[in-house]
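Please read through the structure below; I'll follow up with questions.
Order of writing sets the labels: A, B, C, D and E. Residues in every chain begin at 1.
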Amino acid sequence: MGLLYKNLKKVGKPPGAIIYTGEDKSRPIKMEVIYYNENQISKEVVSSLDSINWESSYNKWINIYGLNDTELIKEIGSKNNISSLILEDIAHIGQRPKIEFYDNYIFIVLKMLSFDNKRMKIQHEQISFILLPDTLITFQEVEGDVFDPVRKRIFQSKGLIKKKGVDYLLYCLIDSIVDQNFILLDQIEEKIEIIEEDIINNQSKKLLENIYKLRKELLILKSSVWPVKDIIYNLLKEDSVINDDTKEYLKDVNDHLIQIMDFIIIYREMISSLFDTHLSHTSNKMNQIMTMLTIFSAIFIPLTFLAGVYGMNFQYIPELSYRWSYPIFWFICIVTVVSMYTFFKYKKWL
Amino acid sequence: MGLLYKNLKKVGKPPGAIIYTGEDKSRPIKMEVIYYNENQISKEVVSSLDSINWESSYNKWINIYGLNDTELIKEIGSKNNISSLILEDIAHIGQRPKIEFYDNYIFIVLKMLSFDNKRMKIQHEQISFILLPDTLITFQEVEGDVFDPVRKRIFQSKGLIKKKGVDYLLYCLIDSIVDQNFILLDQIEEKIEIIEEDIINNQSKKLLENIYKLRKELLILKSSVWPVKDIIYNLLKEDSVINDDTKEYLKDVNDHLIQIMDFIIIYREMISSLFDTHLSHTSNKMNQIMTMLTIFSAIFIPLTFLAGVYGMNFQYIPELSYRWSYPIFWFICIVTVVSMYTFFKYKKWL
Amino acid sequence: MGLLYKNLKKVGKPPGAIIYTGEDKSRPIKMEVIYYNENQISKEVVSSLDSINWESSYNKWINIYGLNDTELIKEIGSKNNISSLILEDIAHIGQRPKIEFYDNYIFIVLKMLSFDNKRMKIQHEQISFILLPDTLITFQEVEGDVFDPVRKRIFQSKGLIKKKGVDYLLYCLIDSIVDQNFILLDQIEEKIEIIEEDIINNQSKKLLENIYKLRKELLILKSSVWPVKDIIYNLLKEDSVINDDTKEYLKDVNDHLIQIMDFIIIYREMISSLFDTHLSHTSNKMNQIMTMLTIFSAIFIPLTFLAGVYGMNFQYIPELSYRWSYPIFWFICIVTVVSMYTFFKYKKWL
Amino acid sequence: MGLLYKNLKKVGKPPGAIIYTGEDKSRPIKMEVIYYNENQISKEVVSSLDSINWESSYNKWINIYGLNDTELIKEIGSKNNISSLILEDIAHIGQRPKIEFYDNYIFIVLKMLSFDNKRMKIQHEQISFILLPDTLITFQEVEGDVFDPVRKRIFQSKGLIKKKGVDYLLYCLIDSIVDQNFILLDQIEEKIEIIEEDIINNQSKKLLENIYKLRKELLILKSSVWPVKDIIYNLLKEDSVINDDTKEYLKDVNDHLIQIMDFIIIYREMISSLFDTHLSHTSNKMNQIMTMLTIFSAIFIPLTFLAGVYGMNFQYIPELSYRWSYPIFWFICIVTVVSMYTFFKYKKWL
Amino acid sequence: MGLLYKNLKKVGKPPGAIIYTGEDKSRPIKMEVIYYNENQISKEVVSSLDSINWESSYNKWINIYGLNDTELIKEIGSKNNISSLILEDIAHIGQRPKIEFYDNYIFIVLKMLSFDNKRMKIQHEQISFILLPDTLITFQEVEGDVFDPVRKRIFQSKGLIKKKGVDYLLYCLIDSIVDQNFILLDQIEEKIEIIEEDIINNQSKKLLENIYKLRKELLILKSSVWPVKDIIYNLLKEDSVINDDTKEYLKDVNDHLIQIMDFIIIYREMISSLFDTHLSHTSNKMNQIMTMLTIFSAIFIPLTFLAGVYGMNFQYIPELSYRWSYPIFWFICIVTVVSMYTFFKYKKWL
């Protein structure tokens, strides 16, 4: 399946048409709501939006697994007065990472990445955030995410999260997603190290294919990571919803993001440089092979000719009957070999 | 025909000279007018400008197929007070995409692209927009465009278009053109995948030619897509004609455009990286071939020499009459083969 | 002659030293003056500055062919109060394109380019403009320029030029020079197409030399075209001499210039990509050649060895007297050829 | 160990979690305090924070070796009111170089670099600075740094340092760290020179590996040096803590930094150009080898065939019994050799 | 000696430590003073600073050859109230080009370049300027500079210099230094032309080495020339010391500088493109060689085999006694040669 198949499904559709562009359209939806304030905390798994206490004075984190139920997305939209363009972006998993500011909410799209080691492919799961006053809604495609450490911190009494607003929760989740890239990059680095060793050990099976795949994945990774810089920059500029306190933490995320971008650049150049090294290795090896062939040929071709000469059946070849011809022939052979050897030594071919 | 032939026709002409720079100068013109407001809608195909109700209070979309009737373009210009420089650009199909703001209208040039799969060539059709109050005029070279879904939405009662002004109609058409690029890129991606497989399967016929053609088409594609970013940026800055509402939708187009630009960059780098892979593949294969040649030569050339030696007709070769010479000869041959094989194994050539 | 010889002549000279840095220092000067207003027009070829009616209320276009008469340039300078640094730039034909604004005039240097098809070299002729109120003075090195269509339009009654000021005339001339690049680029494109075909047809004579020459010429072309963008940008910002009307036309030139820059970039990348294709073509062909050599060797070298074995003169070779030895030998040869052929087919070398 | 292992330890941790991400977690901490003013100076090695006279009116430089005692870092933080995010960065040695301004202090992270000549690897030691009023605290991982010349200058009566505030001390330390890069770059240049000579002398053992390693180290070096530009820029803009006087000195550091960045760029391009040279060298050598093989083959293969012909055992070969056949055979051989030699000379292969 | 040896001497030194970082520390200092105003002019060679009439109302140009007498530099500094950081930069010949503005003076560092044709190396001599009111002090390392045309113009009555202030003198000297680059670039262009011819004539001795050297020198040249753009930009912005008049002249220098930068870029790309051409040339030549080898082998290897077959000593080979065997053998040989020749012609290998 191409990189674009998600986007193709949207061509010709009117704006605001909420269409799930993913694969499995029958997957059941799951909704998880966490209510918390400084002192109390509770978690509920609900099956309908009506079971959610929207008016609760607690901070609320509503996490929705599954985007195929577009009716549900619409309902959430109308309950919270969300633009249909935003709802469309939530269901369209080919959306690029971005941030949008509306009067009553902030909308963020990010990619949760993981590395499929066998297929040497980065897996993308789209995650959308709607930050409302006191409420953070997150949408993801399938169950399972990188937020477990955050959940644990909420339920631990000592964590900061409970004391702070949902903007701090948003920071925590973004931080988890960004930090996930370190794990991804570490796996890519491992692959690069395998390639490094393969080049040194001359094991070129799949080498080129792996270099090409890594190049391709880093290209796609780049297009998922670069826009995040812009998202954080815009959050840091925001003035009403994001507290100054939270901004200090967002700067920390920014710090990590810059490092991740640095590493992507470094890995891209390392792979390009590894490719060059492989190419040069190949031509060095060819040189070695051809040198061996040439030395063998240069030594034996003239001698074989000489042997051929005295294998001729001319009646009048005086050397044939000469007593010392055969020893002299071997002497010539040895002299030839030695002088050729000396010549190649001098030429530094040996 | 070169890339520049359209521009060459304009050299030496005075500014404002309305010259059709396309091919078929005898093609009949077709004009299609759609009148619509929130409640009503009608469509007419007219043959002269006088048949158009310019003063109607309805929103009007006047779509003109064919640019060869420069008199008609002039007439439209004078009816709506359009600068002759703009009229010139409409008829000159080598115009690059751009936007221009005048007191009473906005002028936009875009390229409607499609991929000719067989010739591996992108087809360009120029489309110009004049956005007047309540009226949008579009000019294209031949009948057939990517606007059918938009037309359908106008005639459907539920669509948003009827409720909104012509600025929203303009957005819908630009969106259609931009989205068309996803289809184009998908076809390019298919070509890239074919090249990927050809490299793996060693089917190098036309491979280099196809890589070169794709590179060239992506270069030209780039020069058609990049200026659109500027056009949308300028529409978003515009303050009087484009409603804030429509701008939200234009941001959505911008989103798609950025993705398209990302993909063009990714595909360019993938092709460049595929080229590198092919080059390296070729030299790996050469290594394999030369290794085989060298091994064959290294084994048989010395043995052939030895056979040649005992084919010599010298009278005094003691080995010739020796009883075990022949078996010893074969023994030497076998030892040579085995030791060469071991040597090449050790050298990792086998 | 190097690229720098014109600049070398200026080293060590004081500023404002008016030195003609071109070749032919004895060429006679020719001056052509066109007086025009909305209603009347006249053209004179004059031999001295005194024959020019400087005080005429008509618009004046004074066109001077030949820069070797530095005394004349000085005289024009003192008559019109032109800085000696400007006069120096007019006579120094290695000046790069630029614009300079003075209180009473605007000074522009441009390059009029043409393509010498045989030598595959771009010819540069420097042209300088001094825009005074009601007077435009142009300086060029030799007779013959790209302004004939403009001259024709002045003398035609219907042209716009006569109705407008000398700023519009300046626009017309700049437009002619910029449009000339389309013709130049078209010739370069033709050369590129020849190279494309040469690569496909394996006709590599002069191929590398031509690629190198085109690369070099495009580099130099780039340095002549890029500064023009800056010149037009500055003219568009100018507030007193260039009418708003003329600026609309200058934007049209800008449009063309951007297209020209786009094409230069495209052609540069196409040539670079053609070079890559040629390189890869060469190594593919080498692969083919080496495969043939290896196949021949792999088949015949062992067989020749076998023939050599039975050409040996050992007294005790039992096979020699065996009745079916010869047919068996041929049978072994055929088996070897067939199995080698199968092996190479399997390896996809054939 | 990968480049990322330090960062991986931080994934999933809450913000402000002070975790030492280095290797040796049991290393004892050492604290060195220097109190100085214009007239007096004293140095103490203390074992607990209580032994430090925090309220002293002297300038204080507190230098801490070892980051594994995170309790100590926390204590310093609470004594001086430092944000826990900062304390986290101090202990996390994978932090990228940066500056952060707080109301009561400035925080800077830098990398102290040295070159491990044998492993051809740059060693990074992270150093953090907290600039408080009258107090500068520095944190480093292990004992031993590049500050000895600064310490010497403090204890010498003539030095400027004693007369100035801790902002000047900060400058001195940053200057030492930046200048250290010159030593690093000099060692890299030496390696480049060794590679240059190896290419000329055809000693390609480890050549490719060394080129690859240098490329990689320069990439990593780049990501350590580039952010320093930003740090100094921000210090120069700071308005309350850094004296104008000190800024003059910081501009001097900036000067050196720009030179270092220039050299990194130059070395990167030199290595890339050396790689190209090596590649071309290899293919030139191959040409030489193949030319030799071809010449040998072209001369002897036809002659060996001729010898083979007259080694055939056909009964009716008239030449066999001809008296002068053998001398004529040798004559043909000599003519062939001479004409081949002339041909290759003419082709410039010899 | 590496590129960095000058900078290494400064590591660990306190700021403002005036250390001569050049080679010859015993060279005698020479001071040359020119006093001039509109009407009068005199030149003195002095041996001590006291012999200079600092209070003279004339314009003064004090030119100092030799930087090893750091005491002298210190004395000049204290006489004119120059910062010790500036004095340090004057003596440190590894300083990069820069400008610094102080209340009472402007400080500029430039590089005077020349090309050592034999060693293919650019020679750098550092020159520093201190522009005081009515006085310009220049420091250079050794006697001999590019200022002789300026000196001549001062002493000629007609020159502008005498009538203008020392800011104009500063311009003249900067102009001389910048113009010197044209001569340098011309010599580099000559080297490039030699390489072009060497590639065409297949004379590859030292070719790669020369390409590498030129690349390296252009890299270093770039880092000497690029900062000058910034220096002139800052002089043009300066408001009190540099007269508007002089700024017109500085714009002329800027003009030349841009051209020089253009040429450096062009030469860099030309060399890179020449390298590519050489690489491709080499592989074309290899193709030619291998084609020859393959043709020879393909023709003679089968024939030699056939000759070998009939050289076998089997008792029962019917052909041996057949009357026409030998002529038929030759016939087969000729047919083989002709058909191979036709085949290779068809394959376009011949």
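Worth pointing out:
Just so it is clear, a contact is a pair of C-beta atoms (placed from the backbone, for glycine too) under 8 Å apart; a residue touches a chain by one contact, two chains touch by 3 or more.
Since the model is a prediction, treat every value here as computed from it, not as a measurement.
Chain C and chain D have Cα centroids lying 42 Å from one another.
One simple way to say how far apart two chains are is to compare their mean CA positions; for chain D and chain E this gives 26 Å. Each of residues 279, 283, 286, 290, 293, 297, 301, 304, 308, 311-313, 317 in chain B touches at least two other chains.
If touching chains are joined by edges, the resulting network of the protein chains shown is one closed cycle, each chain touching exactly two neighbours. Chain order round the ring, anchored at chain A and oriented towards chain D, is A, D, E, C, B. Against chain E, the residues of chain D that register as touching in their complex are 149, 153, 159-160, 175-176, 179-180, 182-183, 185-186, 189-190, 193, 196, 200, 248-249, 251-252, 255-256, 258-259, 262-263, 266, 269-270, 273-274, 276-277, 279-281, 283-284, 286-287, 290-291, 293-294, 297-298, 301-302, 304-305, 308-309, 311-318, 348-349. Looking at the complex, you find that chain D touches chain A at residues 2-5, 7-8, 10-16, 83, 85, 94-96, 98, 100, 202, 204, 208-209, 211-212, 215-216, 219-220, 223, 275, 278-279, 282-283, 285-286, 289-290, 292-293, 296-297, 300-301, 303-304, 307-308, 310-313, 317, 319-326, 329.
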